[in-house]
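Sharing a structure here in structure tokens format.
Here the chain labels run A, B and C in written order, and each chain numbers its own residues starting at 1.
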Amino acid sequence: MKVLATPGARVAAGTLAAFALLAAIAPWVLPDPYAIPDAIGGRLLGPSLSHPLGTDALSRDLLARLARGGAVSLQVGLMAALIATALGGAIGLTAASVGGGWDTVLMRTTDGLASVPRAFAILFAAAAWPTMPLWALILLLGVTGWYAVARIARGEAVRLMQTDALLAARALGAGRVRVIFRHLLPNVAGQLAVATALGVGEAMLLEAGLSFLGAGVRPPVPSWGSMIHDGKDVLLTAPWATLAPGLALTCAVLAANRIGDAVRDAFDPRTR
Amino acid sequence: MSRWLLRRAAQGALTWGIAATALFLLVRLLPGDPLASAADLPPETRDSLARLYGLDQPLLTQLHHFVRGLLHGDLGVSILHGRPVTELIRDHLPPTLLLGASVLVADLAIALWLGTRLAARAGSVTDRWTMRALLTAHGLPPFWLGLLLVWLFALVWRILPAGGITDPMLHADTGLLARAVDVARHLFLPWLTLTLTGVVVPLRHHREAVIEALDADWVRSARARGVPEGEVLTRHASRAALTPILMVAGLWLPMILTGAVLVETTFAWPGLGWLMAESVGGRDYPVATACVLLGTAAVVFGSFVADLAQRLLDPRVAE
Amino acid sequence: MTLLDVRDLRVAFPAPNGAVHPVDGVSFALARGETLALVGESGCGKSLTALALLQLIPRPGRLTGGTVRLGDVEVSSLQGEALRAIRGRRIGMVFQDPLTSLNPVLTVGDQVAEGLVAHGMATRTEAAKRAVELLKEVGVADAEERARAYPHQLSGGMRQRVGIAIALAAEPEILIADEPTTALDVTVQAQILELIDTLRRTRGMAVLLITHDLGVVAGRADRVAVMYAGQIVEQAATADLFARPSHPYTRGLLASVPRIEGTLTRLAPIPGSVPPPAQWPPACRFEPRCGERFAKCAAERPPLLTAGTAHESRCWLMERGR
């Protein structure tokens, strides 16, 4: 695939695959991330053979938590990005193909919603719904992330609507839905793919941040963000409890962004 | 000009109104009663909160009450603190303004200066590695970077404070300068964290804009009349490339505020973001609402300023 | 006396199957006070030739051969400050599109004054005053007010006048005008050409006029050089060229110009089209389209041969005494 043409993209894909692999084999190879074997003596142990990354404040194995947390973060990031792209694409394409008053209304609404800082919006929801489950968090992440995608999709679609190909299709009586799916969507697909890939990194960072604040993934489900939060108080004595999840998160986000850039380059008409 | 100002201001107010409506709508979709934690408060307080934030009234009525409360400076009482919401906002707004403004200025200055220099050397080793470094910094979780900086500067080297905005041990009659220095010392790490993780966004845009501008015909004309290369870069390429940065402001401002929430919490910087985060754990719905609407207002205002700046800097926009 | 002596100029652009040379061995000379017109269709390399003189060839193109002697200075080998000293000060250039050639965020007056300040000929304030004088000289009405205007606020003709003022600000000896009227309305074209001519006379400059329009050439140029596919194919005094065109391409160009006098006949275009640089024929480049070709034309590349007094033609027909 052209996306994996450069070594950077290959490394990025490999990194994400490694995290996925780690999460997959963890149940067989690593201890239970939820188990608390020795709450008193096993706390905050340094890296050792039995605990490659040490243990946390509740004596849970950090590597196991890292693996499980990775699975959670990746899943949340991916699903949220997909929701955001789907929503943004739908709204952008609809606005462009309908045009006129509806277009203005949709885009103005988009502008309005985009003015709310993403973290603020989700925290607001968390304050109103303290027991928010994971699926709701993912939905909220998606619902707060589609604005840029909508603008890009609409912009591209508006441009396409002026092309001869589309003017001909509409002159021949193609209905709105048909126009969207058969003509606009395939041409915008590239941009949507890029938006999804880049959105994964953003969503992961945001989820981690929310978990860090205690408003994201709820304990005892591990998340890299909440692991960093837990490790914050023992920074001097057990730095690995903070370093490991932070490094993992950084690597995963950078990998996702790198893949996003690779997808963008693959679709860029100038490099085709 | 004044006509444009009025129109644009009205547009901003409408944008904010749309956001506020959407947020109030969102909260109605969520299960449970956000004011449940107010059960132990005295009845008059509960009533006023119900008027401003209650969900069993029609949306428009609530909006009406809220905007009136906003204009009269009465947004109810904080469930967690027992103090008026407006008071809390007033106390926590300045630190966020200070942090936000200093980050904004720094990011813009770096983006303009470094973006131009990198554009002149586009494709070179310096350019590629600098961009890589900045993009990596952008991928770092700001709260994690903050913790690392605290670990290094405050715990290991002990040259900067670990958090807060002032030293609680400062003597009551310390001079203004000493106080300012104290705040500056506390500001440094949160400022550094936000600046480093965020600078690539405006920088990337400006660099691309300058690269494009360097290919422009008028740049060729400037060279043809003997303008020194340095001036070609700044006066002709960079100056004409200012508009894209300002257009990005609308996307970039919400990102700064999102980062601010995390950084303020990490450093116990008592700003609006910190207040927002605290209100979540404390089930303090009135404060959360006020914070999110204020954050939105800040973004809308920033957008307005960016549009104004664009109008002033680029003579073509005014036509 | 010769002011500018260009010999064998060559510009290369990288291409998938080896570099192409859109300017391939161009030579001409410019004497003080004269106007030399460089004529050709789009794609013949005339604009690139002009840009090459000031080392303004757009990337990824490069100057790969030839000399450009300005008096005793070899311009093509200059760099940095030495090159800057030539640009605008000894050779000035007016560009084709007056809208994109002007910086949109600077006032017109600023841009005219810039050259003066850049060459240390005046302080900022002096330059600003001089800019207004220059604008008057090029025929901009209300020069003082107009100096404070932005490019987009002026009409096309006005912008081109500004472009000329900018080119002349530092008082160069040579003015290169790259299709100065192509982007303008017909009515304005004549005014601009007249202006350039007047300025040439009053300042004693030499003018290199680049154009694709033979009509422009007829009244304004002392000598003409016709370019085709990166090479000069004919060079002569204007009257001589029009009266006795020697190269089949020139003849074709003249024949395809519609005329007012005489009987109405069909326009006679030159058959075929200009090939891109990658597909230039190895011998005579015009041969595939030439109505007077013979065996040698496809076999050997013709050099510039004498066609009369101060008249050269790159055509094997010259050997046959035609």
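Throughout what follows, a contact is a pair of C-beta atoms (placed from the backbone, for glycine too) under 8 Å apart; a residue touches a chain by one contact, two chains touch by 3 or more.
Worth saying up front: this structure is predicted, and the values here are computed from it rather than measured.
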Report the pair of chains linked by the most C-beta pairs in contact. A-B
Among all chains, whose Cα centre is located farthest from the one for subunit C? A
Ranking chains by how close their C-alpha centroid sits to the total C-alpha centroid puts first chain B
If you average the Cα atoms of subunit A and of subunit C to get two centres, how far apart are those centres in Å? 57
Starting from the mean Cα coordinates of subunit B and subunit C, work out the distance between those two points in Å. 54
Taking each chain's centre as the mean of its CA atoms, how far is subunit A from subunit B in angstrom? 22
With touch defined as at the start, can you tell me which subunit A residues reach subunit B in the complex? 108-109, 111-121, 123-132, 148, 201, 205-206, 208-209, 212-215, 225, 228, 232, 235-236, 239, 242, 246, 249-250, 253-254, 257
Subunit B to subunit A touching residues, read off their complex: 14-19, 22-23, 26-27, 30-32, 34, 135-136, 139-144, 147-148, 150-151, 155, 250-251, 254-255, 257-258, 261-262, 265-266, 273, 276-277, 279-281, 283-285, 288-289, 291-292, 295-296, 299-300, 303
What does subunit C use to touch subunit B in their complex? 54, 56, 58, 84-89, 92-93, 95, 97, 100-106, 114-115, 118-119, 150, 152, 163, 166-167, 169-170
Of subunit B, residues touching subunit C in the complex: 215-218, 220-228, 231, 235-236, 239-240, 242, 313-316, 319
